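I have placed the structure first, in the form of structure tokens, so that the comments after it can refer back to it.
By letter and in written order, the chains are A, B and C; residue numbering begins at 1 in each of them.
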Amino acid sequence: MIVFDGVTKEYPDGTVAVDHLSLEAPSGKITVLVGPSGCGKTTSLRMINRMIHPTSGTITLDGKDTGRMKESELRRGMGYVIQHAGLFPHRTVLDNVGTVPRLLGMDRRETERRSLELLERVGLPTAFAKRYPAQLSGGQQQRVGVARALAADPPVMLMDEPFSAVDPVVREQLQDEFLRLQGDLGKTIVFVTHDIDEAIKLGDQVAVLQVGGHLAQLADPAYLLAHPVNDFVADFVGRDRGYRALSFQPTPHLPLAAESTVSLGERVSDRDDGWVLVVDGDNHPLGWVQAERVRGEVTTEMLHRGGTVARASGPLRGALDAALSSPSRRGVIVDDSGALVGTVKAHEVLTAIEETARPELVDADHPGASSS
Amino acid sequence: MTWFLDHLGDVQDRTLQHVYLAGLPLLLGLLLALPLGWLARRYKALYAPFTAGFGLLYTIPSLALFVLLPAIIHRQILDPVNVLVAMTLYTVALLVRTVADGLGAVPEHVQQAATAMGYTRVKRFFAVELPLAVPVISAGLRVAAVSNVSIVSVAAIIGIPQLGLFFTDGFNRDFYDPIVVGIVACIVLALLFDVVIIGVTRVLTPWIRATGGRA
Amino acid sequence: MIQNIVRWLTDPEHWSGSEGIPARLGEHLWYSGLALAIAAVLAIPAGLAIGHTGRGRFLVVNLAGAARAIPSLGLLYLMVLWLFPKLSGDVAFLVPSLIVLVVLAIPPIMAGAYAGVEGVDPAARDAAKGMGMTGSQVLGRVEVPNALPLIFSGFRSAALQVIGTTTIAAVAGTGGLGRFLIDGQKIREFPQMVAGALLVAVLALLVDLLLAVAQRYAVSPGLTGRSRGRSNTPKVVEIGALRRTVDPQAS
């Protein structure tokens, strides 16, 4: 656990980057620091591994004051991932990943073995091991950056906007894999971003910082969306927050309707009118066809693919989106293996939403007050 | 100091000779380097041979070149033309790469915007690429200017009149004054060249002044 | 004309004895090598320190500019007049020239080392610190390997200048290949002068080639993989707001 206790960073010119910050980053969880530029989020992160020294206050790691630890040793025990990866251009991917183990005195062969294993773990082919950073794409470099930070298996990871320099599609992939990885590893992670969507997606808890280094609110994502503590947080959390909050509401028992289906290559039966769902041999949904337009067998070209598909175990947001995006207005729901379980209509999802409890307001959070 | 005042006429003459021998090659070299640098930028295949090839000229020591050139261009060894040619070669050697890199430093989107507005390749060169490359070319020219002033003085060894003659005069007569005067005059001349180039660059790049150096 | 030069160069008499080509070549390499070694020992650590700490950069920029403007020939004569009476024996000839050569070599070497370290990707440096490297580990394992191309560039241009200027040092009575130029001029033996000039030019080219090969082996392929083609011309690097060239021409 990392604990900030009244931490302030004031620069000689009088600017206060971080102002009496107190918060806990619990072990095994992802704590996201989010806020606009100038809110002191990166400064706060860099004070944890003492790249920046606090003016006052203490930061403790599992009860030990980091100010009393040897800096280089403190840092070797924390993975550090930054925006542009910061790979060493003169070293191969493999040597980059092995940096900290080598610093810690691990022998070359063991380091290489571990590094190769980590490359696979972050989704890079081991053929990349002998390449140099300049030969990789931005997204690949970032994966190497993550592998490098994990190499010595540190209990703590500090991540400073690690995914913000890559394009949105790659960013989403990296985020998903990062969550999967964290599911396996359970590191104590402090993650800085300016992107509230990323914060909400990744954080077990989210700390919203305000310009001048004030902590505006610290809460789990669902609570943050439901109860922004003041105008600043409400503004920052942004529009559509009611809708986005659905991401955190697991789907309750939705009233699923059985759906008649047709397989590719089959004919649509006479009694079908309107939209018919097409599935493959494993009962996985492929798309919709309009019965009256189908003459003869159903082929892939006829499929209407506009509708999204939601997992029964997923959040309500997916179910609602499936219903809204479906050409038949019936949202397709599948099980975890991707096989069809039924369909649901938007008003049924809305009813389910209304019946679900919103995160309860904690007494301390009265509008306008700060929740430090 | 008295020596300096007594020989004011000499100092003046030799300074003018020095300005001629170091300055004219700067202009000639720039005029030659512009099309060469443009070609190296325009045709990728030419970049490496051009920059490396002209760079090779740089490795020839100046005294060696002063001695070799007369044989190659069939001139008397004491003919100042040798020095002019040698200094022009050095200037070209330095500036071809600088011009090519300077032209290459013009952002792609700026070039495309210029093309999209209907500039022909030649017009675009004079209206867009060349002006934007001025700061880089000017930096290279400043280096060439300062080193030209220093190199020209070496020609005194083979007896070509300019400020360097003060060095040989002083040395042969075991006399400090002319040497010190010569060194000071060379440094002042180098500074003057530098100031002139900076001044011209400022006039040519008003946008840099307006943004405080962030172009 | 060309025949005379070839005859001079192939005359066995010119290839032996203390005034033969091999002996002069040896002297030339000895003066140049010694000056470069002294300059490197002084300038590389200084340049690295300035690049690493960011302190004293104004010193590099101004020193490089000022030293470039000093005419080597003038400085050489001044040093000889001043030091020759104070010293004796071979040292009296060697030291004044050596001082000029070292003064000449320091600015490009220092500027190369400084610019090389300063130009290291700040993200790589930040990551190195963040992973727990000490200051000297950051310098040794990240900054120096990444600065190598520019360190080499500075050293190569210093080498060219020093080899060229060692030729001039012959006017002050030292040995080296410059003797053929100076002695040839005295006795109006043009072929000897041209042969000397050719030898110096070839030597300069060979040394530069050798250093280029050394650079190829010393510098990580990760840094050179993209830029093909080796170059002799100085690299323009950013020092401060102005671009400056690390290495001016040999004089």
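The rule is simple: a residue touches a chain if its C-beta (ideal position, glycine included) is under 8 Å from a C-beta of that chain, and two chains touch if they have at least 3 such contacts.
What you see is a predicted model, and the numbers here were worked out from it, not measured in a lab.
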Per-chain C-alpha mean nearest global C-alpha mean belongs to chain C
Ranked by contact pairs, first place goes to B-C
Here the gap between chain A and chain C, centre to centre from mean Cα coordinates and rounded to Å, is 55
Rounded to the nearest Å, the gap separating the Cα centres of chain B and chain C is 21
The answer for chain C against chain B in the complex is residues 1, 65-66, 68-78, 80-81, 160, 163-165, 167-168, 171, 178, 181-182, 185, 190, 193-194, 196-198, 200-201, 204-205, 208, 228-234, 236, 241-245, 248-251
The residues of chain C that touch chain A in their complex are 121, 123-134, 137, 141-142, 145-146, 148, 219-223, 225-226
So, in the complex, the side of chain A touching chain C is made of residues 49, 51, 71-78, 80, 82-92, 99-100, 103, 132-135, 145, 148-149, 158
Note: in the complex, chain B contacts chain C through residues 47-48, 51-52, 54-56, 58-65, 67-68, 71, 77, 90, 93-94, 96-98, 101, 135-136, 139-140, 143-144, 146-147, 149-151, 153-154, 156-158, 163-164, 166-168, 170-171, 174, 176, 179-180, 182-183, 186-187, 190-191, 213
